[in-house]
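Going in written order, the chains are labelled A, B, C and D, and every chain counts its residues from 1.
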Amino acid sequence: MAIIIDESTRVVVQGITGGQGKFHTRVMREYGTNVVAGVTPGKGGGEVDGIPVYDSIREVMELADASIIFVPAPFARDAALEAISGGMDPVVIITEHIPVHDSIEIMDRAVSHGTRIIGPNTPGILSADKCKMGVMPSHIFKKGSIGLISRSGTLTYEIVDALSRNALGQTTTVGLGGDPIVGLGFIELLDLFEADNETEAVVLIGEIGGNAEELAAEHIKQNISKPVIGYIAGRTAPPGKTMGHAGAIISGSAGTAKAKIEALQSANIKIAEKPGDIPELVKSSI
Amino acid sequence: MAIIIDESTRVVVQGITGGQGKFHTRVMREYGTNVVAGVTPGKGGGEVDGIPVYDSIREVMELADASIIFVPAPFARDAALEAISGGMDPVVIITEHIPVHDSIEIMDRAVSHGTRIIGPNTPGILSADKCKMGVMPSHIFKKGSIGLISRSGTLTYEIVDALSRNALGQTTTVGLGGDPIVGLGFIELLDLFEADNETEAVVLIGEIGGNAEELAAEHIKQNISKPVIGYIAGRTAPPGKTMGHAGAIISGSAGTAKAKIEALQSANIKIAEKPGDIPELVKSSI
Amino acid sequence: MKLHEYKAKEIFAEQGIPVPSGILVKGPEQLKELQHPVALKSQVLVGGRGKAGGIKFADNIDDAKSVLEELFKLKIKGLAVKQVLVEEKLDLEGAQELYLGFVEDRAAKTITAMMSAAGGIDIEQVASEMPEKIIKKQLQPGLKTLNPYEAREMAIQIGLKGATMTKVADIMCKLFNAMIVHDAVLAEINPLVITKDGMIIATDAKMNIDDNALFRQKNLLKDVDISEEYTPIEQKARKYGLAYVELEGDIAVIGCGAGLVMASLDTIKLYGGEPANFLDVGGGATAENMKQALEVVAMKDNLKSIFINIFGGITRCDEIANGIVEFEPKIPIALRMMGTNEDEGKKILKEHGYNVFDSMEDCAEYAVKLASGEEGR
Amino acid sequence: MKLHEYKAKEIFAEQGIPVPSGILVKGPEQLKELQHPVALKSQVLVGGRGKAGGIKFADNIDDAKSVLEELFKLKIKGLAVKQVLVEEKLDLEGAQELYLGFVEDRAAKTITAMMSAAGGIDIEQVASEMPEKIIKKQLQPGLKTLNPYEAREMAIQIGLKGATMTKVADIMCKLFNAMIVHDAVLAEINPLVITKDGMIIATDAKMNIDDNALFRQKNLLKDVDISEEYTPIEQKARKYGLAYVELEGDIAVIGCGAGLVMASLDTIKLYGGEPANFLDVGGGATAENMKQALEVVAMKDNLKSIFINIFGGITRCDEIANGIVEFEPKIPIALRMMGTNEDEGKKILKEHGYNVFDSMEDCAEYAVKLASGEEGR
């Protein structure tokens, strides 16, 4: 088992004819991902590495289940709405720096369609030895029983690598995405890992800002029986420039590494001091 | 029985402090309507004829069930959305000449909230001897067993008067409203009359333009067992100026009095030549 | 309110839709020089101006001036040509003509988008004979911008490919913006031309603005001259805010509410009369409105009688009565009045010697007899 | 991107929000005459300028000019005053101060509207001590215009009545328009003043524009001078599109991805070092980006070592390696590199004599030792 994607997932790549799209399509296929089609408006009828390119998601609705988006930020809203309306699920948005107002619309539409969005600005999702929809370096992953959820991209690789080197393979690894507004969060994914037979423990990688980790801690107390191991980046970061009065009014004192670590510890989650400490904490938990 | 409104309906008047609002509030109360509150933003705390005035629907959500709107067209969209979000049902929009784009938004919101809109540009709805939410001349109505649905305002009075003079009282009379885009239509109301124990027959008053009568005829064939008597205004009207090519593409040949009369006759509906003929046709049907 | 082609093209250009370069002239002397061959297009708000000789071409300034002389003498369906759009003439040999449009869809309670590869002057024929050649899509109600992917799906469906497909979709989105920004009930490009070297350009443009939204579209009213679209009587009626349609007969009809006025026309006809007009004073008419209505219908020559049919709901009979007695119509009048404040209204009228009917049919019959001279005046 | 008060007020005025009349001066000589007493407000993009003496008053032109002389010499939280907004001084005696604001709400994935009757400089204290005094409302995601009734409900909730309630609600709607039209992530008026004679006016204005939306807000970039908000090194970083935050230490840190860079800082600290900066080259960085990153961190004085921590996903290690060898850093470097195209990257670096770590912790420790002089350079 794994969560969200596996060997049966048929993937369409939106923006397949761009540099990143082309490169990562090849790398994803090498990992075993079943990439069935690409979409680039105006380039329909062509192909990339033998994969047929279409003008629209509508034309691939019967062929594909899930979409990964590489199109530039100004066009990402349109691509994502097209994927959602075409029934793709999940929709993985690699594109970074999408305007906030666009992301708000994307997430709202996704909720009303029941679509799971991963990202934007995510390294993607990878179910080890089954399917990769993302840009992570494939060779660091190893099949196993650890689920991993991360707000950070490259830090995820760091920790996956540490786990794999310590013979701790993974079920599924998910990057939530680094943009201010993203789709799936810790809570939805914790529930999926809780329900997944193969997953024995979950590693949760957070960072300063927002209150997602605090909410996750609360959720774990109530609903998650599997061991969770945490790491929070930004312990030594200087306090960021706040966004006018409004930022302070909305977020209050939440968002510091200290607050997050305390919240997680209060839910009996072991917190690593540095990424390299995580494998030991995992081993002692399972 | 009656449909949609009866003696238990608690009514709020939006725009109660305006000339029309004030006048018709008094007339509605004289008819027996339970007007419990008025709303005019900025005039909260006052009263009109002993009825308390509030600044918002939110403040009267517990007091009132249904709203009637008299505010001027530029503000009607806001008033209607406020009534819908405040849970009022039905919402009767007397205001005429609301911009089409505003009406589209009102009707969309109403559908998603399950709110029944009557109008805009409607004389309103009246359940004889029970409740009047509208501007019809009260004295022409008489309690009885005929349901009446009309696309026209004043023509409705004409026909109600003819019925009453011929001892044919009414259960509920509904004006659908004369603006291009309106809320409830023939079909929804036919179904309500079909289900209403007291209603023995329904009079349907249509006019040229659109295809509401044609769709109603189709619906009656399939779903309505009670006798329906029809009248279509505009038999001799010259063909209207069409709206560019697009109008012709959308509406095709539908919309003439001839087409409507034929459609209704094909559903075994008796059609009156002039309003004065309706009472005879009703009598011979029940 | 219909916009002239030149005005619609101005709006399209603001939204980034490619249109031919052109200038508007109000007389032949305003054309000073030509850089290239031109099309000279009469700006009248009726269809079929091409077939009526309202569109001409010229290769040089002398030809263009003499064509303009001609056009400014032309009447198209009764409308004098007062403005001509002089536009760069395009090479349309081998060009493809598309149809792009948006229209309010009353039944669907939203805007419907339309696109066809069979654009041009025969689009209405296509609509009735080969409706499958026109792609229609009902848009999400309340949409403020058309999603490019939705426009592309339509462009793909009409058979476009490659860059042409994406460019046409982009124009479709901009056309929708024009519709939304200006409260239009109709916006269409017919044809959108794709020349054989791939240039895409809107060679005709139509926009109808929602009359009910003009209060927030005041800038569009600035250079509107309604004298073209309407007869003098219709202009007067519009000025007063009255719904008026001119007809062929000799019995003026005034009523409150479009349905009642239509039924009044139908009834006049049933009794053998010929209505001279349709006039709806609207709901809640005041004495002043009623006076204005009488002033408008009285403008027509050869009027034989006036049928006034009022069933007051939001309209109060006393207001109507006051309007009638203040105007003192010179033409014989058949008067029917019921409804709100009926007693007060009837009292006023009787005090001034007017007879008032209760039955619409009886009153219509009387109006017809007045017109035929059977009843004394 | 934060906007200056004067710019935000320009935008507010375009939307119809009442603001005091004023002019922007860039030097005392630009002020020619005064019609009335004025407030002179330093235009700096930091909070607390009032307490720092950045806001003064004057009754006549001579006083005003000498105040301006003073202000243009002032530094507020390290920022030189380069522009002063000279505004009509209002009679605020007995006035009420409201707070109106909109902000992107990451957790709710929408915009949250806020209103309070306790506006003014202490609003943050109100937020933490009496949060019930601030009304918050999460708006429907994707809303393009705020419905007036929603604004009125908030105004009623903070205790406003009558015409003041409707006017404040109207300003709230206009503030939302400003937010939407300009892709703001924050728009606020604090305070919105209601004078004792009922005049309503926005005496301060804040707007932050979404940096990610600047591609469609180019007109806002026209008169922006980033030299004020940022240090010279930060300006260079922004020019290159690099995320850079200046810190106090002596070990430069470069990484790809904010999380990894933060973890790198944390690890440097764990080993007793002091980071000199935070620099994220971002995803998919090229050799050129890497060169620019090195150029930026090297601008800082007293740098002892550079810690480069790359775990390539979308970033390719060979690009990073090429950037490093092309720049040839003069300062000792601790280099860690893994991930996409790792072998190619390591090969390039080894050919140029660089030692590459696999472990982030080991490399961080090495960077600290380099800085302390424990390791040879």
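In this text, a residue touches a chain if its C-beta (ideal position, glycine included) is under 8 Å from a C-beta of that chain, and two chains touch if they have at least 3 such contacts.
Because the structure is a prediction, the values reported are computed rather than measured.
Visitor: With centres defined as the mean C-alpha position, give me the chain A-chain B separation in Å.
Guide: 52
Visitor: Using mean CA coordinates as chain centres, what's the chain A-chain D distance in Å?
Guide: 27
Visitor: At what distance in angstrom does the C-alpha mean of chain C lie from that of chain A?
Guide: 55
Visitor: Check each residue of chain A and list the ones that touch at least two other chains.
Guide: Residues of chain A touching two or more partner chains: there are none.
Visitor: Tell me, which residues of chain C touch at least two other chains?
Guide: none
Visitor: Pick one for the touching-chains graph, please: line, ring, star, complete, other.
Guide: Drawn as a graph, the chains make one closed cycle, so a ring.
Visitor: Each pair of chains that touch: what are they?
Guide: Those chain pairs which touch are A-C, A-D, B-C, B-D.
Visitor: Help me check something: in the complex, which residues belonging to chain C touch chain B?
Guide: Counting only chain C, the residues touching chain B are 99, 101-107, 109-112, 114, 123-124, 127-128, 134, 136, 141-142, 180, 183, 185-186, 188, 190, 206, 208, 210-213, 215-216, 245, 247, 255-260, 262-263, 265-267, 269-270, 275, 278, 282-284, 310-315, 338-340, 342, 359-361.
Visitor: If you look only at chain C, which of its residues touch chain A in the complex?
Guide: 147-149, 152-153, 156, 161-163, 165-166, 169
Visitor: Give the list of chain B residues in touch with chain D in this complex.
Guide: Interface residues on chain B, with respect to chain D: 41-45, 55-59, 75, 78-79, 81-82, 85.
Visitor: So in the complex, the part of chain B that touches chain C is made up of which residues?
Guide: Listed in rising order, the residues are 20, 24, 27, 73-74, 94, 96-105, 107-108, 121, 123, 134-137, 140, 150-158, 161, 178-181, 205, 207-208, 210-212, 215, 231, 233-238, 243-250, 252-253, 273-276.
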